[in-house]
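Next come two complexes, and both contain chain A; in the first it sits with chain B, in the second with chain C.
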Partner chain A sequence: MLSYSSSTNSLWAMAWHQLKKDRAGIAGLVIVMLFLFISTGVWLGLWGNGWSDTSAQFNAHPSTSHWFGTNAIGQDIAARGIYATKVAFEVGLLVTLASLLLGLIAGTLSGFKANSKTDSLILWVMGVLDSIPFYLFVAAVAYALKQHLFAMHLAMIAVFWTSIARVIRSEVIRIKNMEYVEAGEAIGLSHFKIVLNHIIPNTTHLLLVQGTLIFVSAIKTEVILSFLGLGIKEGISWGLMIAESTQDIQAGHFANFITASGLLFLLVMGFNLLSDALQDALDPKSIGKS
Partner chain B sequence: MNHYLRFVLHKLIEGIPLILGVTLVSFVLMVYFGPDLTYELLGKNPSESDIIEVRQMLGYDQPFWWRYLAYLQELLTFDFGLSMVKDQPVADMLSRAIPVSLALMLPGFVLGNLLAVMLAMAAARHRGAWQDRAIMSGAVLGMSISFLVIIIAFQVIFASSYGLNWFPVRGWQVQDAQGQFNTMAYLNHVTVPTLATVFVSLGYNTRFYRAVLVEELHKDHITTATAYGHKPVTIMYKYMLKNALIPIITRVMFSIPMIVISGSLLIESYFGIPGIGLITYEAIMAGDQPVLKAVVGLTAVLFVVVLMVAEILYQLADPRINGGSGT
Partner chain C sequence: MLSKLLWPVLFLGMLAGCQQQDNSLGETTSSIIDGRKIYRHSEDGKPTSLDPIKASTVYSNMMAVNIFDTLYAYKYLQRPYELKPNLAADFPQVSDDGLVYTIQLKPGNSFTDHPAFKDGIGRNVTASDFVYSILRSFDPLNGGTGAWLWQGKIVGIDEWKTNGANYDQPPSGLLAVDDLTIRITLTQPYPQLVYTLAMGFSGITPREVVETLGQEFGSRPIGSGPFVLDSFDADVAYLSKNPGYRQETLDIYAEGYLPERHAGLGLESLHGKTPPFIDQLEVHFIKENASRWNSFTKGNEIQYTTVPKDKQNTVLVSADPITLHPLIEDNYHSSYGMEAGFVYHGFNMLDPVFGQTGDPQHDARSKALRCAIRKAHNWDQKNRAFYFGLGSVFPGIIPPSVPEFNAELSMESVSLDIPGALDLLAEHNWNDQNLPDFEYHVTGSVLQKQFFEQMRGFLNKINYPTNKIKYQPYPSFGNFNKAVKNRQAPFFFMAWTLDYPDAENTLQLFYGPNQTPGSNNFNYQNPEFDQLYEASSVMLPSPERTALYQQMNQMVIDDCVVISGLSRKKINLWHKNVITYPDREIVGGYHLKYVDVK
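Coming up: the complex of A and B.
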């Protein structure tokens, strides 16, 4: 027991040590933290709350009072972009956490009971969900839920958990054949205890890496779905800003488009860099490959 | 040969639960829990018997499984009835749109994969050197830009008066006045969408192919070939690329159903090109159930079929791969 816990600690310590040396990874971490800070501020009501206030200044150029100018009905683009950061984090966190939970449960169950009926059933469900083109699936879910507020979130969760479940499944199959699990069974620990205390904790590094990947997919997908009219229903998001900016662009006003897509790009880029660095640091298989 | 035949048959049977699954999901979402269409088809002030008649016509009085079987029959016979918006048979709309989508997406798809393999080979050959780092940083940059942003930006840059204004802003006039296919007109309309497709797929593809090639690099026969003093280029093409073909073909095949639908959804709706993507987009906007259930069901089935064909092809290409699945 003791050696097991110290070995996990050393995995995290080693990973942190390696991450610190990864300049791109640290840059990603800083960017993500910065955006997290911005969205926490919005959530606490410190900034970005005037996102829906209109003014008489239409399509104004950037100035000290409107950092990124105003849109066609005189709303402050900076405030909208900042408020949308919170929306992006809400979508990202909700979808990521729910997908991780679902993927962890399904993946552990099907991995621990590999080649059983339960396993085949879970694999079948995953195969089915992976076979339906994603945007159509979202459209279908939105259709079935009659444009429900969380139709987009539910559809993303319903699709994204399968990739996590597959990763967890193969890791659980690998772990359960290890000696310490056999030892646990030999001393009479229940399956539930073995899974909860000795298998799941050894998948956390994979969950972290998969989580960053899901987060990126979620915010990128939100933008496209909101643009298609299937996404965010209340408030403002980068996707909705880009959708409204297509009108401005035809009139030669690019501030809305550049702000929304620039913020989106920075956050996705930050997460991509962080995710790569985490994979290098945490995935033992990547050691030795350059 | 008997062995192969058995294998093919086995794979086909294995695909049946998946096909039943995907059709069941699209049936439940689009038809069973979909909106009640009774009043869409009725005039004002319908009588009790009118309502019953329409509900019977729509099959709403039938049990769940019976309606599911009816949906399967629609998929098998390509008979989805009339579009609610366009008043045309859905099958006709689809058969006119599919060639357009293929002509639109194919060049970008082929170029995107070819360019990515070339970049990945360059990166893998100079592993760890500045060429590799430059290509891989470029890939991460490319992956971080949203497809939507690329489409909008490329339209502004190449097809608007704020940019170069070289190509038409939207539309798909690829025929001349006599109704003949015109290559110049085709190139004129296909270029900007192609550039956008290539740009968006390049980052992901390059990373994937580089990983595949680097994996190959670590194999024993490559080490042996290097030790024998074969030139790096020979090793790259003769020994590595050949072995890496299976993962490359898999990726290419699996992305076919996805690009036909998901890729063209954004491109076609934004550029106003009358392919599957635009039909689907309009059906989503209008809630046109006959079109949506046809597109969702057919693409899902197509994906499963591609999956089965891919596995059968591997078996023919490489007898070492046995019928194992799942893991």
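Coming up: the complex of A and C.
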């Protein structure tokens, strides 16, 4: 155990060392942290509170009182864009954590019981879910559960967990054949303890990378579903702002569209950069090269 | 990497500065091809059926009155709207008690050819065809949507339906006396009867063709109207001039021509000629605003459009008075008129919170709450945000498009009064702690969400907590309407389009016996109102009847049943090579037979 712990620390330390050298990765990290900061501020009620206030200034140009102008019913676009950051993080976090948990459990079970009936059943379920076109499936689930507060979240979780489970399954199959696992079995440790203490901790780097990818996908999907009217019902999201802007653009007002898509672009770009960098940093081969 | 990011960001920034409007217009091309005059009309929705008994939408009605004949029609240019005989030779002879209507048909009108007729040649239209056509709406097998116009009003017609709907034994109240004479006997005076005979629902159909085609009649209709349908699908309907249509010259002065209103449109050139003037009519159903606008401005496609909301700031220089952009003025003819209807917010009066329960204390508090919400509603902002300031806000439920409209009525019920609302809430012990959840039921769409958000903004002004104002969208109008009819919507946003220019058509929305699933979506129950409605419904237009209408209007205002209303204004544009004066409101599609092109 001591040697395992020490090697883990070493892995994370080397990964951090590697990440620091990746300028794009650091830029991504800064962007994500900036958005997290904004989101936390909204959550604490420090800014973005006036997102629903209406006024008589319709489609106003950017000014000191309205940084990005106002929309068709006089709402402050900047406040809405900022508030929507919180919504994006809420959706991203919830969907990511739930998908990771589900994917981790299914993937671990499937991998540890590889070639058993349990494994076949889990693989069959994942195969069925993956065979349905992604957006069609998500839209169908979201539509079917439309009255449910978390319909959109459930729809995304139902889809996203399978990719995590596949990655975890292969990693678990690899790990369970390693000598230290065999040693654990030899000294009489239960399967549950082996999985919990010796296998799952060794998949955390994969979960981290998968988490960043799912996070971005969840935000993008939320925007698409909200645009289609299947997403956020209460509050505001970038998807709803873009949906609103389809009318504004025809009338020559671009602020809603540019604000929402610009913020989305920045956050997705930040996460992609960070995700790429994490993948490189946590890849044992690249660590070995450095 | 960061430098690579810089350019897209700068590009987006440059886009933000792009406020230039696209006013580029295509060159209008001739509409006469190989000597055939072709007019390409457009509508922002499509008809679901061309069968007149299903003409419940403006799109279906417009098609029905051009393919089928009706006994009466509206004068082409006269405003306020005025009826004129169409297939009928004259206005009906009405008995002294107002119960028996005798109508003569013009002789020599025939249906267009179809194999179901003897030798395939269209036969003459007779009084029996009219009787058959009205009865079709009552046949349970047909799924007609217009029976409400005559239900319980024509002697024996309801029994005819329950007794098996035998067309060979028409009810005693609806008879063909001879080939050209119709006699209608009413259960009680029904002054609006003649209006109903100008609606698409009363379009005259030939029995043998209907029975031959069955359900297909809705897509392959045969009538005796000014046009014959050649083909029809979800995108476009092609119609040809009916060569056998009766030869009646157009008298523009009798139709209501006024130089100050109609000069410069070329209508004078139609005087004395025999419609229809065009050889082919195309009706393009284009719901998407951008597509319709692009097709219109292209020059060689559709020749008429209403101006979509998102193009109003392209077309208009000012809203009051309405001034069009010079480029639009130079290239197109235009007209603008108020819709024959209005938009409103309504309360369900059977709702246990917002409605009436019979408990005086509760009813007083709920009325105060409804009235406070109405006082918080800012019609001016709604008008400017969603209707480009073109709408006409009026108090109550009698809109400006009907003759009974009272321009002198107090505007208090449509005036913003935040202090008054706050006082009212305080007086009745309403505060942010005990205010009930406010559910806003509506068909789900981006636009409707904005309506909701604006309403939420209004309510916030009277300290209604944001978390108590809830958006309840429905996937389609059908679902939303079902919820309203099932009394599941305490508050809803709707529009009403008048079927005929008589305020009775809106007052019946508040008549107790019409409660849901009938037309009274508010489930408003007021015995005094019902008594006045019943008294007025048998009266001919008169100052006395108008006075009763005004009393009913005031009751609805006083009880805060509805937040009403606003009549929208539509801007019509058409190419300068087209001679027309379009109006799809009460007039329906009757104007299309008077269209000419050059």
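Methods note: the second predicted complex is superposed on the first by the 281 of 290 C-alpha atoms of A that agree within 3 Å, B and C clash if a C-alpha of one lies under 4 Å from a C-alpha of the other, contacts with A are read in each partner's own complex, and residues count from 1 in each chain.
As a working rule, a residue touches a chain if its C-beta (ideal position, glycine included) is under 8 Å from a C-beta of that chain, and two chains touch if they have at least 3 such contacts.
Computed from a predicted model, the values in this text were never measured in an experiment.
Asker: When the two structures are overlaid on chain A, which partner does A:A255 contact: first (chain B), second (chain C), both, or neither?
Answerer: second
Asker: Go through the superposed model and pick first if A:F265 touches only chain B, second if only chain C, both, or neither.
Answerer: A:F265 sits against chain B and chain C alike.
Asker: In the superposed arrangement, which partner chain does A:Q75 touch: chain B (first), chain C (second), both, or neither?
Answerer: Second partner only.
Asker: In the superposed arrangement, which partner chain does A:L240 touch: chain B (first), chain C (second), both, or neither?
Answerer: Second partner only, chain C.
Asker: Count the residues of chain A touched by chain B and by chain C, then name the partner with the higher count.
Answerer: B
Asker: State whether A:R23 touches chain B only (first), chain C only (second), both chains, or neither.
Answerer: In the superposed model, A:R23 contacts chain C only, not chain B.
Asker: Looking at the overlay, what does A:M156 touch: chain B (first), chain C (second), both, or neither?
Answerer: Neither: A:M156 stays clear of chain B and chain C.
Asker: Go through the superposed model and pick first if A:L206 touches only chain B, second if only chain C, both, or neither.
Answerer: After superposition on chain A, A:L206 lies in contact with neither partner.
Asker: Would you sort A:W124 into first (chain B), second (chain C), both or neither based on which partner it touches?
Answerer: A:W124: touches chain B, not chain C.
Asker: Figure out whether A:Y135 sits in contact with chain B (first) or chain C (second), or with both, or with neither.
Answerer: first
Asker: Where on chain A do the contacts with chain B and the contacts with chain C coincide?
Answerer: The overlap between the chain B and chain C interfaces on chain A comprises residues 143, 146, 229, 246, 252, 254, 261, 265, 269, 273.
Asker: Could you pull out which chain A residues touch chain B in their complex?
Answerer: Against chain B, the touching part of chain A is residues 114, 119-120, 123-125, 127-129, 131-137, 139-146, 170, 173, 220, 223-224, 227-230, 239, 242, 245-246, 249, 252, 254, 257, 261, 264-265, 268-269, 272-273, 276, 289-290.
Asker: Tell me, which parts of chain A touch chain C in their complex?
Answerer: Of all residues in chain A, those touching chain C are 23-24, 27, 52-54, 56, 58, 72-75, 143, 146, 229, 233-234, 240, 243-244, 246-248, 250-255, 258, 261-262, 265, 269, 273.
Asker: Along chain C, where are the residues that touch chain A in the complex?
Answerer: Residues in contact with chain A: 1-2, 5, 8-9, 12, 15-16, 18-21, 289-290, 308-314, 381, 384-386, 444-447, 449-450, 453-454, 456-458, 460, 466, 470-471, 473, 475.
Asker: Using the touch definition up top, name the residues of chain B that touch chain A in the complex.
Answerer: 17-18, 21-22, 24-26, 28-30, 33-35, 127-128, 140-141, 143-149, 152-153, 156, 160, 162, 214, 218, 257-258, 261-262, 265-266, 269, 280-281, 284-285, 287, 289, 292, 295-296, 299-300, 303-304, 307, 326-327
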